[in-house]
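The structures come next, written out as structure tokens.
Common to both upcoming complexes is subunit A, partnered first by subunit B, then by subunit C.
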Partner chain A sequence: MTTLMSKPVSAPGKSVIERLNIVTAVVLGAVSAFVVWRLALQFLPADTEVRLFTREDKITLLSMVAWFIGFMTGIGALVGPFRWVMGKDLSHDENMFLAGKDMGVNRYFRYTTDHKVVGIQYLVITMVIFGIGGILAMLIRTNLGTPEGGWIHPQAYNSIVGTHGIIMIVGTIIMVTGPFGNFIMPIMIGARDMAFPRLNALSFWLIVAAAIPLIWAQFIGGISTGWSAYNPLAGQAPLGMNGYIMFICIFAISTMVAGANITTTIVRMRANGMTWNRTPIFIYGTMASVALALPAFPVFFLSQVMSAMDRALDTSFYNTAGGGSGWLYENLFWIMGHPEVYVILIPAVAALMEMAPVFTRRPLFSFNVAVMGIAGISGLSVLVWAHHMYISGWAPLLNAPFMLTTELISIPTGMLFLVLVGTLWRGRLWMTMPTMSIFALLWNFMIGGITGIYLSDVPADAFLHGSMYVTAHFHYTLMGAGLTGALAALVYWFPKMTGRMFDKKLSWISFWLVQIGFNVAFIGMFTVGLAGQPRRVESYASTFNTGNLITTIGAYTIMVGMLVLLHGVISSWRSGDKAPMNPWQAKTLEWTVPNPIPLENFDVLPTVTSDAYGYGKAKS
Partner chain B sequence: MTDLMNSKKPQWWKSPDVKKTAILWVICTAIVGYVGTEFHVRSIVEPASETMTGVIDLMRIFTWAASPVAGLVFAICLTVLTSKRHYGDNPPAEADHQISNSPRANAVWIVVSALLCLFALITGLIVLQKDSEAVLESTAIQMNVTGSQWVWSFDYPNGARSEDLYLPVDKPVVFHITSVDVKHSFWIVQMGIKMDANPGAITEAAVTPNKIGVFDIRCAELCGLLHAYMQTKVHVVSQNDYDKWVAEHAALEGRA
Partner chain C sequence: MSVETHAHHEDPDVVGSRNRLGVILILVADVAFALSMVFVYFYLRGQNVNDMWLPAATEERGAIEPLSSGPAWTVTAIAAFGLLAHLYALKGGREKNQTQLKLGSLVAMVASVVALVMQFNTIANAPFTFSDGAYVSCFYLFTIMNFVHLALTVFISLGNWNRARLGLYVSNLWMVDIVRIWWIWMVVSSLLGAFSLSYP
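Presenting the complex of A and B:
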């Protein structure tokens, strides 16, 4: 490739790369979608048999694919590969332009390859996703404030539940590895950028491209199937289902691309002397998360392609009448779905493990056990998927083995607890919002973990499955543990990412509001689950009234807490105190670069001679 | 876990923070165990079958088994939180040790969690075995259950058919469950059994109701528009009442 690079293209005036940005992308995407929609409408033959939606499904899917291709072309994703095929690879100047050399605000709206820009882009899109998902959650909780529900139509309600579910899952998947995995990780390992900077930009813009089909779906019937989109229900769902399918397919590509990129970066680009024993634990967490996504998301992609074919092309992967099986979908879905839980959880816990030594001023306890715990969870998590199918009747004889693998996960999970409490023990507690988040995580994750043991038990699951108890349980793990870690990471790395300190007072207020509201909400949800309220219902028997009211009150408290946090982010970013280079006096490499961080992070690449946890005084 | 501290000193357990943690551990374990079980037992439905009683017992056992671990984690948290805390913009002095590992603590922790895991597994397997054998009970009433959007219907051995379920008390029942459209999940709440109704397949679940009364049947799998309303009642009655009821309803079907 170097020989190709020696032939720079002399571009008179503005080159095409400089002209492309989010505006051209949206325009090209919309135009392509419209053109393809008109053409499909014109030329697609009418259905021969009476089968619901088939022709409309084809039209919708084709238009969405056209949007996707148009958008990605318009943002400039194809310029690099195209030029390479033509034998005229990008010149040095063009590469520097893509990296965001001008440092202007426009680079956030272009196909910029600098990992720091991508990190900020991820941070913003994560906040947008949580904002929308949160509004949907508030709609759900408001509707469930009274037993009759009633003011939201069941069809709309089901769609709100499904959309809330899927975008929160996506939001939590990217909430740590997106912003911090992209912005902080390369600096933390002493690299100038990611291994594949263009893939980095690609993974972010794919998420933006994926968002539109999901929004589109809301106007053509919604996603009335819950986030799991089980077949055959998804097969008879309205056209909005195609939006879900496209969303998942594009998001899966993004996750695979990001996974390959981050894994390669960590394996290949750590600083001189950063052996595996000296690699910070957050790096392990990030790598485990994205590496787990590598086997999981192709399966998710495939499951949705098959779903689309069943809808639009009359195949019968999942359709029992044609010889298919809904169990096939369930298997594919959960082969992705369970590892995905740990894709979310591991980096959040690892981020708190990274902060624990900093805020206790002592070394991380049992680094090796932490690594083993992360590896153990990752390994086991691909072997447990059918615990979501205990009562599906698919294979009763497999219940016992899946109960075994599931309960085995408690051992490596316990290791993470050991590392955290071991690090807290006899530390010098420096009280900050991230410090308290460690305690909050231990509390929430303990509840999420123990309730997980009941659910892993087949007989108990026969009662609990599909009830609000399950909903409360996974909110305890994904939100109580995952989001708590992510919010702590935000406050912790905010000074490096924005150059300003996060407003202390606001971080405390939001912490307590969110944590108290969260526990009120989901303890209440446990009670109605135990009393027999199924999940995903828009009305319920009046016996469940009290518990639901408590949950709704808790949910509103969380909302206020998150709004305070949002205010904190915006006000601190605009006018917070200027951050010193190393406000927490931590020892990882990201704190050795100045604010603002230069384009390629390090003038001289660092050499690492010890691990990053050398706190504490030696006994004489 | 208490040997996390440096064991150079011969009597590490005499250190005040270790003692404090030990006392807190006992207290926290008791609180977690008691509050945890009470929370579950009080919130959960009144059992109407042996199976459901088993589920409640399992929760009690698991909560108590997990409580020492949770108790220890919370005890350490409390000890740390009640020791000297530092507020301010600059970090406190560094801790006066550099302990970064304790093979003994690791080993104890891992062995204990492995044992607890094994315990949970064995307890679960014993109950599971009992539940699975129930399906093979030859004297049981064989009942066909069909889910469709959004009603349950029940076919009795003698040809009777209904949309709310009648069962005799203290007699084993085996349900053969299927669906005509999408996936549903057949849940008799107070009896602690649940099994998916799949189109194109028949699944089995078994239970012996042991209480006369009216209990809830709900659909536990999102099945479309009116999923929330896909519920009915099960009437558990005496054998005599049951016989009378099915005879009447079989006659009704025969009329058609």
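Presenting the complex of A and C:
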């Protein structure tokens, strides 16, 4: 018995772990999908007259599940669990191999457990997602450049809108906690890695696995329902809906795994002496975000499981003819959907709160208020979901209470504003792109927040609901506030993640292009929304022409700004100035490790004796 | 489940408490999932849209009668027995009684397999088609999800028994303790399903 344990498992020749990488994953996934598709085509019985149109859904879903299982097996996700069952835990050497020791670029294409590799993987996939989502946005805006539309087929237009929506939501969910929560957070708290390195790799590769069904969906009818995939509409939508369902289910698993992992890391692995009131505010933001997602996404998962059952098995969860309810879907969807807004926003704002003291050289203006604000938003955000359903007719008596809880959120949100403004107030600012991003966030989030108050108001919402005003509002929050924080975080932590400084000039050019373009685009969209232009519609009355043209011009400006940023990322990464260890003279722990960062970050684990904002006393 | 990925050696207690928290957090997600299912059940039951929770008889077929919740309770009872066996194993481990540890783990594993088979039979022998109204939809949702849970339990208890058999739990028991948490949740979630199905 003991020989089993002590015998080194990595024998000469290539072991299974060493063979698996993205190529084996894609091949195994594709082959499994193809085989299952053929078999299902062959053997699944034809639809009966009672149950029409379910066979193709079954075939599609089964093939997608096969892809998923094949891909995850091929990348090596099952090695750990099976070795556990067999009682042959991974040896030290195998774990070092998995961590990517001495492997060079190859480790980015494997089931690598080093949190720094996972962070970079997340960064790249976030950029890819924004790239695709951005192209879709430009297609939308180009089509809306003229009132009659027609440039894109209406059905394709619907699908572009739905895909743009869901892909950008996922992109923004992972844009801070993915790259920076994985790469920076463990170093910031003085840990050698995440609590569960293999789960970390799992959370990333699940997202890659999830992407394929979404792309697949585009070729089998697309996602014609908008990102919210309301039932029973989704039950009647083309086969592409199955891709959406699979995408959400896999992404929900990724969110759960990442949430448990990041939260455990923060709770259990902070350095000696890093008490909660010495823990940097970015850590709070990251934890609030993933902990909020933890109970929220399973609800979304369930809603999609039932959606799949309705489509493929003809059950009636949402089909009123069979005793189902569309309101059921709306409730489940928004119980996830509203907390998700703060899953996106909180870490982005927290990242800027982390930078504010660095660039003003003063302590964070009331750390406690910042923590209370984050906690207050997280707590309230699970009690507001039905503000998306005022007009749906579900429980009109609850409209007033939901209006109240929604408007209460302004209070903790105001606290976060207070912290940022208080930190900037009379500071001697070091003007960098991240510093300016704080101002941009305050401006955009103010507009996004105040327009949100109008939408939370039941009578006003009766008029504004379903219009472009709503679209403009949530772009102001998710993009104007969220993305602005994420881009600042990219520039701020770029030196630590790549060892090179982000090109200063390019960061400024892109900042102004994006911010000006953004405000032009979405102020234009507010005006047409107020005038009554419905969202998700491919053509519109000619009275809305000017506003739409302005929005389209703004959108193209954003695109140029984003391309400049992309150029900045690539050129700085390849040939930027070598970054010193602590280019911003910041006091958090990630700046105490050398570039490039050694595999296990710290040779000797640090001990923390004060908070990270000791820049002298704040004056008035 | 080993987390000692690196050369720097960590105290098994530290590793154990970290793993316990990780599992509990994953269970938070699973609990949210299970509670949402209960919400779905009682929401649709309460709404009884178009009187289709349990459809009345039509010309083609008779009225849909709810199944007895007996099998659901039986599966839960077997799962509870599995939990007891696992607790017995854990107690053995704490008292340095390896035989008891191995025996209890084995019995727990067998219980999970029996429960899985029983759950499968409930699904396979249900006298419904999927389109027989909202109650039947929920019936399938609950039984299929419990089946998935039980399959995971088989996997976990198999690993647990095998590791006990190999003597991997001689020096510390934190993993057995975490498997206990899973078993408790297995029983509670199965019970939530049986409870719901008792109110057709």
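In the analysis below, the second predicted complex is superposed on the first by the 603 of 620 C-alpha atoms of A that agree within 3 Å, B and C clash if a C-alpha of one lies under 4 Å from a C-alpha of the other, contacts with A are read in each partner's own complex, and residues count from 1 in each chain.
Following the convention adopted for this analysis, contacts are C-beta pairs under 8 Å (C-beta built on N, C-alpha and C of every residue); 3 or more make two chains touch, one makes a residue touch a chain.
Keep in mind it's a predicted model, so treat the numbers as computed, not measured.
Taken together through their common subunit A, the two structures put subunit B and subunit C side by side without a clash. When the shared chain is aligned, subunit B and subunit C each come close enough to touch A:Ala321.
Look at A:Met103: by the touch rule set out above, it reaches neither subunit B nor subunit C. Looking at the shared chain after the overlay, A:Val35 reaches neither subunit B nor subunit C. Once the two structures are superposed, subunit B and subunit C can be ranked by residues of subunit A touched, with B on top.
Of the two partner chains, subunit B is the only one touched by A:Tyr613; subunit C is not.
Contacts of A:Trp84 after superposition: subunit C is touched, whereas subunit B is not reached.
When the two structures are aligned on the shared chain, A:Val128 is found in touch with neither subunit B nor subunit C. When the shared chain is aligned, no partner comes close enough to touch A:Val23: not subunit B, not subunit C. Put simply, subunit B and subunit C get as close as 8 Å, counting only Cα atoms, in the superposed view.
Common to the subunit B and subunit C contact sets on subunit A are residues 320-321, 325. Across the complex, subunit B meets subunit A through its residues 1, 4-6, 8, 17, 36, 39-40, 43-45, 51-52, 54-55, 58-59, 62-63, 66, 69-70, 72-74, 76-77, 79-81, 83-102, 105-106, 109-110, 113-114, 116-117, 120-121, 123-125, 127-128, 131-132, 177, 181-183, 185, 187, 189-190, 192-196, 198-201, 203-205, 216, 218-229. By the touch criterion given at the top, residues 149, 154-155, 158, 224-226, 230, 232-233, 236, 320-321, 325-327, 358, 360-369, 391-393, 396, 399-400, 403-404, 407-408, 410-411, 414-415, 417-418, 421-422, 424-431, 439, 442-443, 446, 450, 453-454, 456-460, 462-463, 465-467, 526-527, 530-532, 534-541, 583-585, 613-619 of subunit A touch subunit B in their complex. Interface residues of subunit A facing subunit C in the complex, by the touch rule stated above, are 1-2, 4-5, 50-51, 81, 84-87, 89-90, 92, 95-96, 98-99, 113, 192-193, 195-197, 199, 256-257, 259-261, 263-264, 267-269, 294-299, 301-302, 305-306, 309, 313-317, 320-325, 328, 331-332, 335, 600. By the touch criterion stated above, subunit C contacts subunit A in their complex at residues 1-8, 14, 17-18, 21-23, 25-26, 28-33, 36-37, 40, 43-44, 47-53, 55, 129-131, 133-138, 140-141, 155, 158-159, 162-163, 165-168.
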